[in-house]
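Below is one structure; the comments refer to it alone.
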Amino acid sequence: MASNSFGDILRITTFGESHGPGLGVVIDGCPAGVPLQEADFLPELARRRPGQSQVTTQRQEADQPELLSGVFEGKTLGTPIAILVRNTDARSGDYSPAPEADRPGHADQAWREKFGHRDHRGGGRSSGRETVARVLGGVVARKLLPGDCLVRGHTLAVGPIRAKRFLPETIEANPMRCADPEAALAMQAYVLDLKAAGDSSGALLEIRVTGVPAGLGDPVFHKLKADLAHAILSIGAVTGCSYGAGFDTATMRGSEYLADPAHFGGMLGGISNGEELRLLVSIKPTTSIGDVAKLGRHDPCIAPRVVPVVEAMVALVLANAMLRQRLAR
Amino acid sequence: MASNSFGDILRITTFGESHGPGLGVVIDGCPAGVPLQEADFLPELARRRPGQSQVTTQRQEADQPELLSGVFEGKTLGTPIAILVRNTDARSGDYSPAPEADRPGHADQAWREKFGHRDHRGGGRSSGRETVARVLGGVVARKLLPGDCLVRGHTLAVGPIRAKRFLPETIEANPMRCADPEAALAMQAYVLDLKAAGDSSGALLEIRVTGVPAGLGDPVFHKLKADLAHAILSIGAVTGCSYGAGFDTATMRGSEYLADPAHFGGMLGGISNGEELRLLVSIKPTTSIGDVAKLGRHDPCIAPRVVPVVEAMVALVLANAMLRQRLAR
Amino acid sequence: MASNSFGDILRITTFGESHGPGLGVVIDGCPAGVPLQEADFLPELARRRPGQSQVTTQRQEADQPELLSGVFEGKTLGTPIAILVRNTDARSGDYSPAPEADRPGHADQAWREKFGHRDHRGGGRSSGRETVARVLGGVVARKLLPGDCLVRGHTLAVGPIRAKRFLPETIEANPMRCADPEAALAMQAYVLDLKAAGDSSGALLEIRVTGVPAGLGDPVFHKLKADLAHAILSIGAVTGCSYGAGFDTATMRGSEYLADPAHFGGMLGGISNGEELRLLVSIKPTTSIGDVAKLGRHDPCIAPRVVPVVEAMVALVLANAMLRQRLAR
Amino acid sequence: MASNSFGDILRITTFGESHGPGLGVVIDGCPAGVPLQEADFLPELARRRPGQSQVTTQRQEADQPELLSGVFEGKTLGTPIAILVRNTDARSGDYSPAPEADRPGHADQAWREKFGHRDHRGGGRSSGRETVARVLGGVVARKLLPGDCLVRGHTLAVGPIRAKRFLPETIEANPMRCADPEAALAMQAYVLDLKAAGDSSGALLEIRVTGVPAGLGDPVFHKLKADLAHAILSIGAVTGCSYGAGFDTATMRGSEYLADPAHFGGMLGGISNGEELRLLVSIKPTTSIGDVAKLGRHDPCIAPRVVPVVEAMVALVLANAMLRQRLAR
């Protein structure tokens, strides 16, 4: 069953295996006249790619996007925007002719139950490399958001360490993508220790979106919170998602909940209320541990690289909801 | 934009305002030959309805389902199954000719931002009464699951009180739908105290599903966990959702995570692995507090009534995934 | 597989068997603020109903629509509009306890191949009565079209008789829905002769739509002509559909084709060009012939009753395309 | 609005402009385990390409498909199959820096009404070159049909000349794709005369499908005939479509219609009945006439090149319906 598309008005369809010729996305439903060029995709691909620092995998992948359609003279045509990122030779060199054994905590066996076989080359389509296509889609989605709408994720906690401050301008200045520089240093030390021990760490992300117009989201099955949860839980590493006061609401009284509008997380009845959107996202530790982890071929803490992927999915949901909103009255 | 449908192969489309003539659902995509009759809907409607106990609202609603189509001689025809539940006169009597003021923490204003007006009769379609239609859909969905597949929700925590045991046969025996009878008593006392004070409480639900076949869910955007999160967060009262070790994964090391397969929550790579599915769902406290709460016209703790709604949405996702699985190879 | 919905932005979902409790439609995606009331549905239901004249079936059905949701204080809410039309007792009385034999030229056997059984009460969902729901949807769709956009069908030919004039104001004044009063008389005589002989006749309809804005339709798979053909061929009695010069283009030279813009039928590249839309639709003769036909229980010429159904489907496509157009730039 | 996908279970999403880097398709929903390789696409691309003979355009395009994903070790993975066909340098050389004027009978102006601009390089996405992607999709679709299911189109008539015999083995042996060798010669002479005069001709195609299982198609909006009409009318050159006795039914009596089961065209109630499917498709004459036509840069009769495109769309509908049928009971 066709299942590699996300969104209805602005819809991305993604394809590609980690060790095949390449990965890509078709972005359908972008209105005509939006300025877009190949170079626009580079910064977000760079934020997602491996090899950025010691706390993520050391593998190097030069992701070069090729814009195949949908743009003419620097503007979108209203036709599908297709972008291809080829896998490099280095990746093909990784390819082991003998099938790898199923790895604990991986999708290998579930995949085989489903399809009767699996692509044993480095995960195939269940590889994290699939998120390249999401990041590409997110770049286009952001262009459809209002100029003052800022989708911003950061690493709020790693293991026992939790950020105490929110200094957004520091997020990209440390390899943890943490908004608290001191906490970032502690997180980094924690993760490198785990890496040396062949282990890995989970993390907690926070997503904040400012400048969201009121009225986004639909009343019942496409509440904004529902579409956001769908989008975010579709990312492999994510184990949970909440908005506003989130799981803390379980122990709150109504009077407490109402006392602080921040508890609403920017949505009421599933529809944006014009305040800042706030989401919490839990990330599981990478399950590729032991010797492979020591060699740096896997991420001791994937969180910093998940940040741009979550942002991309959030941007896609918001852009879709913005377009939907043209149809409400 | 059409947004009142959920599911693709098995799809429910719901309609109805809380104070209009009635609510209903069209269930499209149910295969032919499934035994079904009107009486099948009664038990789940009873579990959802108000007026069950002191811990929920005292309003009485006799929800009588009328099966309008899709069944002949006790079996589904393969055609759409439409079910109507009329709103009772009592509800119409509630109708205040003067528009109510916007209520804090409610969707009233967001709704107006969206549509340029709102149905001021008791919430209209943003009312919790909308969930009647979901429960009806869930009854059909459950019939498509394997005989040993059991979707079971319970109240795990309310305020400071947390269940310590899981005795599933006790869930329906107490008004909290708690699987620990002692904790249930404590929860009940806690909620009644809040009610007397005109306040309300949030809660934490757990959903467990046994007998789930391996292989359900699709690799990328329709991972089972993503469709479940979408379904569950589309319920008004829900503020967060996680699976397996959930938000605890944020502080886990990879070695810890792998040490207990229960941490996977029954899914790997977003595809069911044949083990028990486990989800946590946070419920916010009802925001209708103060004098109306004391009068029992609102739920001091909505959690017990959300349980059958979450179960229904989970059953719909699983039934849809079961049908999708016929298409995998 | 869910398949009883049509449209994506403005989407109708229909339900109901001919001899069950009733038929209905959920219209999802209608913007908020559109004036609508129950009485609006009566004229189109009257145009579709049996028993209008000697040239159609003599069965009497009083179709009374009940507006169940989506409208408040005379305006649409932006929520789903559900409408129910109950089948009358008379229809239930028709119900033969012994299954009817498969009828030649009917869907009976195909249906059984598909679902493993069939509703033997008068056709079930493959009955022409299903079109009640389409007509209801069309009423809402027309309200979304520009004020000067007029969707108008008429009977162009029946058997050997073809209209020679187009006097639109005469269409509703004769039972054939023919725009040429003289031809209408001849058609009527022809059909009554066939009826007396227990036979029936096919027909050719023309649909003209004035006031269609330029730019409707999408470039590739949702060309306006493609969505129209889908909509129209989904009606049971229809055997073919063309636009503009239609099948005559097969014998035309390019220079001839270009010589008269009417040959384009109001669409270029599948997108409306602001000129009058013109479609031809062929209708097969009713296959219920012989004694039942003489008794007037079936339509000797269904065409006049198909006219409002085709118009409804065309209006649904156009309204959907109008809403889509809000998303093009 | 996303509109470049076709199908729901087996879904193609196409992209690409005629003078951009290339065209392609993502085929989502193909079950796992189907044998597939790059070479499989070559024969159908060759049937569609320009430059096959004097009766079609003389432009040469070497369409080389690159299989980017979805296949491993010669079998489909159950993941999206992406295929890219690059536009050749020759096409880029065609590119006129000065915008071409709107061409009569083309989509140019309608396109500009819609999107506020257009790709003036040879038609952009409204170019017939878009059909490359459909043909690629059709190759995969055919692999999902039963071994004895044969989708076969042929040119039945061109201008005044109509085939009198049906010798399917001769279709590919003449440039007209006509199943009657004598008629083929006459058609060819007719078309070459028109070409010399800078003119073009329309045509009539017939599609026959043998080996279609009974039970395909869904009762109401996805009747097989409706999905086929949608698919076929989405092709630029097509002006009409009918099945079975088609437009002849308009003048038939019921007794005549029932007398020959071939009149049903292989469908009853919109559901396949196991007999041969038969469709008629009218093709308009190419509107690029005059001097450009004489130079052979356009098709004096596009029909032979439309045949594989129509076949591809029919195969996609049938494969989708076959997969849907797994869900009926």
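In order of appearance the chains are A, B, C and D, and numbering begins at 1 in each one.
Note that contacts are C-beta pairs under 8 Å (C-beta built on N, C-alpha and C of every residue); 3 or more make two chains touch, one makes a residue touch a chain.
None of the values given here were measured: they were computed from a predicted structure.
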>> Farthest chain from subunit D, going by the mean of C-alpha atoms per chain?
In response: B
> Same interface as B-D shows up in which of A-C, A-B or C-D, over half of contact pairs matched?
Replying inline: A-C
> Which chain pair shares more contacting C-beta pairs: A-C, or A-D?
Replying inline: A-D
> Distance from the CA centroid of subunit C to that of subunit D, rounded to the nearest Å?
Replying inline: 28
> Which integer distance in Å separates the CA centroid of subunit A from that of subunit D?
Replying inline: 39
> Distance-wise, how many Å sit between the C-alpha centres of subunit A and subunit C, to the nearest whole number?
Replying inline: 46
> Mind pulling the subunit B residues that touch 2 or more other chains?
Replying inline: 1, 3-5, 8-9, 14, 29, 32-33, 78-79, 114-116, 125, 219, 323, 327-329
> What residues on subunit C touch subunit B, complex-wise?
Replying inline: 1-5, 7-11, 13-17, 20-24, 26, 28-29, 32-33, 66-70, 72, 75, 77-82, 84, 114-119, 121, 124-125, 323
> Which part of subunit D faces subunit C closely enough to touch in the complex?
Replying inline: 1, 3-6, 8-9, 14, 104-111, 113-116, 125-126, 130, 157-160, 194, 199-204, 214-215, 217-223, 225-234, 236, 238-258, 264-265, 267-274, 280, 282-289, 293, 324-325, 327-329
> Okay, in this complex, where on subunit C does subunit A touch?
Replying inline: 8-9, 29, 31-33, 78-79, 219, 323, 326-329
